[in-house]
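Have a look at the structure below before the remarks.
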Amino acid sequence: MKKQYWTEYESKVADDHYYYERSCIRQSFFTGSEEVFINIVRDLLGKDIADDMNLHTCSGIGYYSGVVPLDTTMTVVARLFALMTEAGYKNFVPSCITSFGLVNEVVDMWHHFPEKLEQIRGYLKEANGKEFDVPENIAHPCDIIYKYRKELKEKMKYSLTNVHTGKPLKVVEHIGCHYAKIFPRQVKGGAEFPQVLVGMIQEWGGEVVDYPERRHCCGFGFSQYMVLANRGYSAANSKKKLESMQPFKPDFILANCPGCTMFMDRWQYTIAETEGITYGENGMGIPVLTYEELAAILLGYNPWDVGLQTHQVQVEPLLDKMGIKYDPKDKYVGKSGAFLGEPEKPTHLKVKAYE
Amino acid sequence: MNKADVVVIGGGPAGIEAAYNLARDNHKVVLVEKEEEIFGHMQTAYTLFPNFQDASEIRSSLLQKTKHGNITLYNNAEVTQVSRENDFWRVQTINGLDFIAPAVLLASGFKTFDARYKEELGYGIYKGVITSVEFEEMLKVGKIQTANGEKPRRIAFLNCVGSRDEKVGNHYCSRVCCINAVKLSIEAKKQLPEVEAYCFYMDIRMSGQFYEELYRKSQEDFDVNYIRGRISEVAPTFDNRLQVKCEDTLSQTPLKMTVDLLVLMIGIEASEGTARIGEQVGVNGEYNFSKSISLHTADNKTKHRGFFLAGTCKRPLTVPETMADARAAALEIDLYLKSLSQ
Amino acid sequence: MMNYHPFVIPFTVGALFLFGVVFYKFYAWIAALDRKQKFMVKQNIFSFKTIRAIGEIFREALVHRNIYRKNPVLGYMHMSLAFGWFLLIVVGKIKASLYAGTFFEPPWLGIFFNFFAVDGHAFSHSEMLTFTMDFLLLIILSGLALAIIKRVKSSLLGMRKTTKHSRFDRIALSSLWFIFPLRLMAESTTASLHGNGGFLTNSVGHLIPSTIAPYAELPLWWAYSISLFVFFVALPYSRYMHIPTEVVLIFLRNWGADTGEQLSGYTDIQLNSCSRCGICIDACQLNFAAGISNVQSVYFVRDARYKTLSDEVVNNCLMCGRCSNECPVGLELTLVRQQFRNKQEIPGKFYYEYTEPVESKAGVDVIYYAGCMTHLTPSIIISMKKIFEAAGVNYWFMDEDKGVCCGRPLRQQGFIQQSKNLVIKNSRIINSARAKLLVTSCPICYKSFREEYNLNLPVMHHTEYIEGLLADGRITLNASNVTVVYHDPCELGRGANIYEQPRNILRNFSLIESNYEKENSLCCGGSLSDAILDLRLQLKIRDHALGELTKDKPDVLVTACPLCKKSFVHGNKARVMDIAEIVAGNLKVIASKKRPVRKEELQLV
Amino acid sequence: MKDLGFSISQSRTIDLDKSDLSAYRRVVEKVPSAKLCLMCGACTATCTARNHTDFNFRKVHLLFRRGQFEGLAEELDKCMLCGKCRLVCNRGVNTRAIIYNMRIILENLNYKSIK
């Protein structure tokens, strides 16, 4: 049997008492994701997870775009830790992959340069009188889901199976670069064979697609996207990935990073609008899901409560394949029960099959 | 007409090594050498790659071997005619010697390529352009200098001069020049630590044992630079140095550079003796190198009974390969002579 | 009707067809002459040149003096057929006119005279004329016999290769072979019946059994007439079109028509004047040294005429000019081939805008332009520098650092527009220096400077220049016992007629002659003009040439072109030197410090 | 197509699956020695046009071989066909003929035909 080197790398996830740091991108664009995650952890797994109203940005995007200086970044991160300390938690769980990468990087720098930690403690104290402890454990929410994937499976109503053919669904998994590529030894499978999403997909009945550009960046690239002149380069990266996976006919893409989910989803619209190219079946694109959304719909949540209607690439064909029931009329109905209006139709990317 | 058991043609490493091994097996050996001195090209060598063994040690070892009681050495005895007489071979020389023996071993070796054919490289035109043989002689006397007697600041070595060149009719690789350039550049740096050494190559072929390590050592310990590109033009500068031009193919950009010495790593060709005797006997193969009957299984035998080959008369070989081949030839001849006496 | 029989119809129809087609073609070609050619015609039509042309037509188109000089047997063959037939027609016409008593007798009367004039001895000089006719027929038949032998086995006539035929050629040739034997048989049969023949026809007539003769006579005359018909109809479409066309060509050439850069009516006339004798195949080194025998000028001309030219035939040519030199019709084959290589211009495209003109140096007497190739033979450059210094010349080395190509290599591949752009660039540099002389070491550049450039100073190849320096005593040479053979580079010799100058220089050495001197010199194989030939074949051409040139084992093979030098030096046969090198090596000025070159020092391993 | 203020960058990867390799095959048919090139760069180093431009025959030849034609026609226009490169080629490659043929193929230059 082949030796599986990735098993040597292991992520350390605390068993309980998580301090959840929400993600800017995830809560803005994939609105149901974080809500269902807290729900799953609290109600289904029975864990203690803090959802703090006072949270703020980690400044990671600014830092990785090269516009926020290191000391500032560290002080902002220190304030997040101070909030955690004040709330009485020791296990930091950042929802965003960039936050995850950043806090790991900051903590690692403090480990190597303790004088820097002291300096930052001074800055924070000076700024708002707060004090903080460095977290004992930093884990990404996907690690938690991975850890309890078997328990969750027992509660699931659906599986990753095409109900029409009985065959497993083909899933492209995409790991955020800042999740595995900065500190590969701290995540399951390292940078080359990250197992976290693979474990979920395989456990829940799907089949992972191994395509040539599997480890390629989604295209976000921070300043590549932020600067308009460079944006073509950003989109070109997503295009490269999509072109590479297209021949494998994946049923959907699963990502753990909110940025990746966002770009692989939204750039499909951009590519279609500027070049007229669409991917997936019938010109409808390849749906992109976050792991929370996936877990939720498999557990039987109403897809519209999970927020799948906010995706650019429409998910109905995927739901049909999985045999998940949904009411099309509810798609654009708000919590209050009022109709919110339908979004504009793209020029090339189709929103309904066979229309 | 003198009788012998074996006539060995050529007093270089192959000839001497084979003669000695035959002599030890109690065969009467006549060793003929066309020059005043024996050793062939070993005569001019300074050190040997890849272990920098002093060539003079090899020379004294070879000299000792020629002193064996069963060997008669004739100097200044260039072979003019090799012919078959019944079951014997007759070998005549320019100085009137005439031998007859049941076996002849051709160990007439190689010559180096005449760099004047590549006029654009300026050999024979600009004094700073020299051959690897001339550079080796400089190393030997410990005087690396330009024509004006100055210490060179920069030396360039150009591989594949007269090898792998269709224009001069040599399609083959001479095999020893790449590693020799590495050796020469290291020796140059040993004698002149300040000098900058550059090797220009088309491919670097480090096939022998310890060659790759030596190549690495030249980069790691001696700062020798390697540029992948063939120098195609040499021109003088105002201060009598040389400007060489090539394309740095890896950066895809033309490159020019001023050097004090350009050392042409000249290739190996069949020597005149090899070509002439091969023609007379009918064992000439491609490029005038002599041809054995089977490269894999009988590389010392020819299509003529009693006519054997050893060393670089067959193809470019390194010194250890040549010596091993000579011992193999001696064994073949020994078996042959024994089969005759039975 | 008197002097008429239906069998004359095929002949008459054929002849009318022939004249119609030929004159139509002539008209079309002359109309398609370019402006310059038309001007030359108008200028010279009423001049002595016309008379000279008539003389040449007699010499070349009828007597074939040029072919005779090159190959007497072949010459006789052509002469007997062309001149013999011509006289047969002329004498036949005289005879018929005398017989009919009028100059306006029917045209077929002369052709089929013996059939109609059964009382053929009843007019003045008839004996002599009949004898002449038989004699001419005999001459033609002997030529025909040679032609048949040539076709069957060309080597018997001293030719290595003979041309392959097209279909029309074969039809015309077969009918041509039949015409005269049939005429002989027809006349002989009539002679056996009526005794109106001469020494030949009567004698042959006696051999024909009298029982057969009456039945054979008419069929033979019919066959004779039909064979004429076939020949006449096939002629305009076969190689025999060269017979009428050559006449037009000779007139135009004498009037000063120029082949020019672009295709014109004159090109058509040249293409149609080729008799496909195949002499060019024998002259071509691609044939006898490299074994390629499908691209020679004769095939090029044939394919061009029938519009079946392939890329290979146009481009696989050394452009050495040996075939033009040998062509008995005097076709400018290399120039015509060049016309076909020329590419269509791309309107509005400017080439080589990038070349920043080199700053020209003012106040010098001589500009030295080595040429691109010469930079790969640095000993030529060093030698020229020595010679300039020895002669105390104030010179500027124009392309020492940043040369621009002369443009000829582009021109030879047909990139005319591109080539002209380079000419403009270089002209600007050269002319602005206001020097007195331009010297170059490369015959290609030399030819280009002479023919394509409009310069304000004379141009010399270094052979001419060195000869001048020696003649003026500005440099002197030591006497030397070194034996040398001189190789004429194509572009310098046949291309620019520089033959004597190098030989004058080499008088200072022991100059020996090869079998390939001057116009007959060989190409070294390194020609830039052939973009198809691969290295192996190129080396075959070189080895053959080198073998010929070094047959007498000279110490040095001297040439005057960097390309030739580069080709030959790798051939490993002899020491190869440029003429500048051997001169620089033997300069007397330097001799005070250094002794002359000795034989031993020249021996290259 | 919508203008979003930027266009998607083209990939700079040589994708041999999508490259047109037939043009080079046509060159090789005419100049079989093209196959012998071992990319030593001697031609580029000696190039006459090199003194005036960044023309790099070896690179152009290699890109053409890989079916990457973008910008090559303009590059080839820098060559003066002087043939110096052919003289220094160790492998006996008819470099000049390669340029000539590439130029004809890329620019679609045709011969004049007789009327």
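Labels A, B, C and D are assigned to the chains in the order they are written; within every chain, residues are numbered from 1.
Throughout what follows, a residue touches a chain if its C-beta (ideal position, glycine included) is under 8 Å from a C-beta of that chain, and two chains touch if they have at least 3 such contacts.
Computed from a prediction, not measured in an experiment: that's the story for all the values here.
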item: Centrality ranking, top chain (CA atoms only); value: D
item: Between chain B and chain D, centroid-to-centroid distance (C-alpha), Å; value: 40
item: Between chain D and chain C, distance of the C-alpha-averaged centres to the nearest whole Å; value: 36
item: Computed distance of Cα centres, chain C from chain A, in Å; value: 83
item: Chain A and chain B: spacing of chain centres that average the CA atoms, whole Å; value: 68
item: Junction residues of chain C - those touching two or more other chains; value: 375-376, 535, 566
item: Touching two or more other chains - residue numbers and ranges from chain A; value: none
item: Contacts with two or more other chains, residues of chain B listed in rising order; value: 120, 166-167, 233
item: Touching chain combinations (by label order); value: A-D, B-C, B-D, C-D
item: Residues of chain C defined as touching chain B within the complex; value: 375-379, 382, 535, 565-566, 569-570, 572, 604-605
item: Contact set on chain B toward chain C in their complex; value: 114, 116-117, 119-120, 122, 125-126, 166-169, 233-235
item: Chain B contact footprint on chain D (complex, rising order); value: 36, 38-47, 50, 56, 58-59, 87-92
item: Residues of chain B defined as touching chain D within the complex; value: 120, 160, 164-167, 202-203, 228-233, 245-249, 252-255
item: Parts of chain A lying in touch with chain D, wherever the complex brings them together; value: 228-233, 235-236, 239-240, 270-271, 273-276, 347
